[in-house]
C-alpha cells in the first residue's frame, strides 16, 4: 500500500514542509533511508542524517528547523517518536492476523476457550484451563492445568506456562519464555545432600505485561510471584520465586532477580543486573547495566557498579581505578621521600 | 482438604500450643498469613510477623518462646524449616498426578518404555531411546536417538535432550532446558574463518539432579560432560563441553562454566558467576554472585569479585574503591605539600 | 568400525611411529585415553599425559619428540588439532543421518520445500515459507510465515523462527534458540506507562553461521538485524534489535549486545560480556569475559573490565585493587606523619 504525505500528515495531525504528493510504501531508519520510504528524526544524535537521507518523508519534532538544504519532505509533529510509533502500530494492525484452530492441537475437555482465538498446531491446553476472547496461542505453546489466560493476550511459539499460573489481559509473551517453573529451594540435610522444598505457589502476571524470549519466571514456594500491570521484561531474564515487580517497571535483557525481592513501580533496570534476594527496591529507582544490588537503595536512586553505589560515585571511582598503578607509585615514592627525610 | 492442628502435630511429631481443633486448608508465608492457613517461622528475621500474622497455625522451632501475646496456634518442632518441607511434600504428593500416554505423540518403534509412565501429547521419543519406570514426560519434550531416561525422572514441557545423552533416576528437568547441544568448538583457519570441530561426546546426568528452566548443557567434544548425583542447577545456566560438576554442588541462576572445567563436591556457586575453562574448583568452595573465577582456588575458599579473591578482601577493597577520588585528592595534596617543602 | 594406524595415517597424510597395525574404534581425550581409542596432543599443557595415556594411537604435531618412553603409537601430522578435526568430521559424516518427513507435522499449502530434507514430527512450517535442499528440521521447530531457510542448514529441536526472517546456507541453529522475537522498544507516555513500538523489521542470518542453544536474536524495529557469514554464537546470548555482527566474529555464552550496535569482522568476544547500544566495535577487537563495553574502542583493541579498558591496564589496576586497604593505611599514616611534622 502507498500513502501520500497528505494522508500521513492528516492521520498524525502534522504539518507538511515539501512535496505533499510524494508517496511512501515502507518504513526505514533515517541512516538507511531509501526512496519511497518514511523515516523519523527523534534522537538529536541522528540530526546529521536528515541532510543525506534518501527517505522520501521524514517525521520531525515541530521544534526542528533545518540549517542546510533538505531533499526529503518533512512532516512536523509535536513528538516524532510518538508519531512514528502511532504509524507503525497502524501499519501492524493492518497485517493479516492469525485466527482459527489449527490441527492437530490438544485441548482438554474441561478447558474453556473464548471467542475469536487463534490456536496454533501442536499447542497443548491442559485441564480446566480458561482462555479469554481474542487470545492468540501460537504453535507448541503449553498451558498446564488450571492456567488462566485473559483477553487479547498473545503467546508466541513455545511459551510454557506451568499449572495454576495466571496471565492478564493484553499481554505479549515471546517464544521460549517459561512461566511457573519451580523456585530454586532446597533444604540441606545432615548428610550433605538436599531435600527439595516443594514449590506450591504460582505466578500471577497482570495486564499489559510484555515478556521477552527465553525469560524464566519461577512459581512461588507458597503464595505468588507477582508481575504487575504494565511491566516490560526483555529476553533471558530470570525472576526467582516470590519476587514482586511493581507497575510499569522495565527490565533489560539477562538481568536476574533473586528470591522474595520486591521491586517498586516505574523502576528502570539495565541489562545483566543482579539483584539479591529478600531486599526491597523502592519506586523510580534506576539501575545501570551490570550493576549488582545487594541491599535496599533509596527511592529514586540511580545505581551503578557491583556492589552498587550512586552512579556518579561509581564513574568517579572508576576513573581513579584505571590509574591505580600510578597512584601506588606516587604513594610509594612519597613514602620513600618522607622516610629518607 | 482441611486438617486440624492435632492431625498436623501428629504427622510432624510436634507439640501444640493453642487451639488444637483449629483447621487449615492451605499454606501461607507468615507475612501474608490468612485465616485457615498454616505458616512457619524459621528465619529469625521474620520473628516480628508472628505477633501479627493471621495464619491459624504457625510451625516454630521448639526453642521459640513468644515474648508477646500471640493469636495463632503454635506447633513446636525441632526444625520448623524441615517440618514445613515435609508437610509441603506430603501435600504435593496428594495432588493428582499425570499418567498415561496422550495422543498424538511420536514413539519410535525401537524405543523401550517402562511401566507407569506419563507421556504428554506432542512428545517425541527417538530411535532406541530407553525410558525407565514411573517417568513423566510432559508435552513437547524431545528425546533424540539412544537417549536414556532412568526411573522416576520428570521432564517438563519442552525439554530437549540430544542423541546419546543419559539422565539418571529421580531427576527433575524444567521447561526449556537443553541437554546435549554441541560444544562451542571451532578451529580457526588461515583464511580467517572457522572449521567446526565435531562434538561427538555426550552428557551424562546422575541421580537426584535438578536442572532449571532454560539451562543449557553442551555435549562433550569427546567423552562426557558430567553432572553428578545430587547437583542442583537453577535457571538459564550455561555448562560448556566436557565440564564435570561434583556431587551435591548447587549453582544459582545465569552462571556460566566454560569448557573442560571440573567443579568439586558440595560447592555453592551464586548467580551470574563466570568460571573460566580448563580449571579446577575443589570441594566445598563457595563463590559469591557475579564473581569471575579465572584460576584454581583452594579447597573451602569463599570467593567474591572479578577477578575473584577471598570475599573479605573483596569487601574491604570495595569499601576503599568507593572513596578512591578522596584518596587521590588526599595523595595529591600531600604530594604538593611535600614538594613545596 | 575399527581402523588401523596405517589407514588413519593415510587419510591424514601422517607418519607413524610405533605399531602400524594397532586398531582403534573410538575417540578419547588424552587424559582419559583407553585401549582401542585414538587421541591427540595439540595443547602443550597436556604434554605430560602422553607418557601415561592408555590411548592406542595419539595424533601429534610433527615437531613433537618424546623425551621419555611412550607406549602408544604416534601419528605425526603438521597440525594435530586440524587433523583430529578432520577425523572427527569424517567420523560424524558416517553416522546415520535423519531424512524424510515424519508425521504428524504441519506444512502450510503455500510453503515451498526443497529436495532431500528431514522434517521431524510436530514441526510447523507457516505460509509461504521457503526451505532449500538438504535442510534438516528437527521436531518442534516453528517457522513463521514467509521465513526462508537456505540449503544444507540444520535447525535442531524447538528452534523458533518468527515470520519474515531469513537463514542462509550451511547454518546450524541449536535447540531452543529464538530468531526474530520483538525488539525491546517502548515509548514512555505522560501517564507513566509505555506504548509498544511495533517491531516490523526482521533478522537476516548469513551463510555458515552457528547459533547456540537458547540464544535469542530480536528482529529490527525497521530494517534488519544482521548476523553475517561465518559468525559463531554460543549459548544463551542476547542480540537486540538492529544489531549487526560482522563476518567470522565469535561470541561466547551469555553475552548481550544492546540495540543498534554494530560489531566488526573477526572479533572475539568472551562470555557474559555486555556491549552497550548504539556503538561500533571495529574489526579484530577482542573482549575478555565479563567486560562491559560502553563506548567505541579502537580497531584491534583487547579489552577487559567494566567499564572496559585495555586488558593490561585492567590487570595492573586489579592487582592494586586487591591491596587498596593497605594503600589507604599507608596514605593515612603518611598524612599523619606529615601533619605531625
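Annotations for the structure displayed:
A, B and C are the chain letters, set down in written order, and residue numbers restart from 1 in every chain.
In this text, a residue touches a chain if its C-beta (ideal position, glycine included) is under 8 Å from a C-beta of that chain, and two chains touch if they have at least 3 such contacts.
These figures come from a predicted structure and were not determined experimentally.
When the CA atoms of subunit B are superposed on those of subunit C, the rotation angle is 120 degrees to the nearest 5. Two copies of one sequence, subunit A and subunit B, touch each other mainly through non-matching residues, since under half of the numbers at the interface are common to both.
Spacing of subunit A relative to subunit B, judged by their CA centroids, is 25 angstrom. Under the contact definition stated at the top, the residues of subunit A that touch 2 or more other chains are 104, 122, 140, 158, 176, 214, 236, 254, 272, 321, 324, 327, 331, 334, 338.
Listed in rising order, the residues of subunit C touching subunit A in the complex are 104, 106, 122, 124, 140, 142, 144, 158, 160, 162, 176, 178, 181-182, 184, 186-187, 192-198, 200, 214, 216, 218, 221-223, 236, 238, 240, 242, 254, 256, 258, 272, 274, 276, 278, 292, 306-307, 309, 313, 316-317, 319-321, 324, 327, 330-331, 334, 337-338.
Residue ranges of subunit C in contact with subunit B, taken from their complex: 27-29, 32, 45, 81-82, 84-85, 88-89, 91-92, 102, 104, 120-122, 138-140, 156-158, 172, 174-176, 208, 210, 212-214, 230, 232, 234-236, 247-248, 250, 252-254, 266, 271-272, 289-290, 318, 321-325, 327-328, 331, 334-335, 338.
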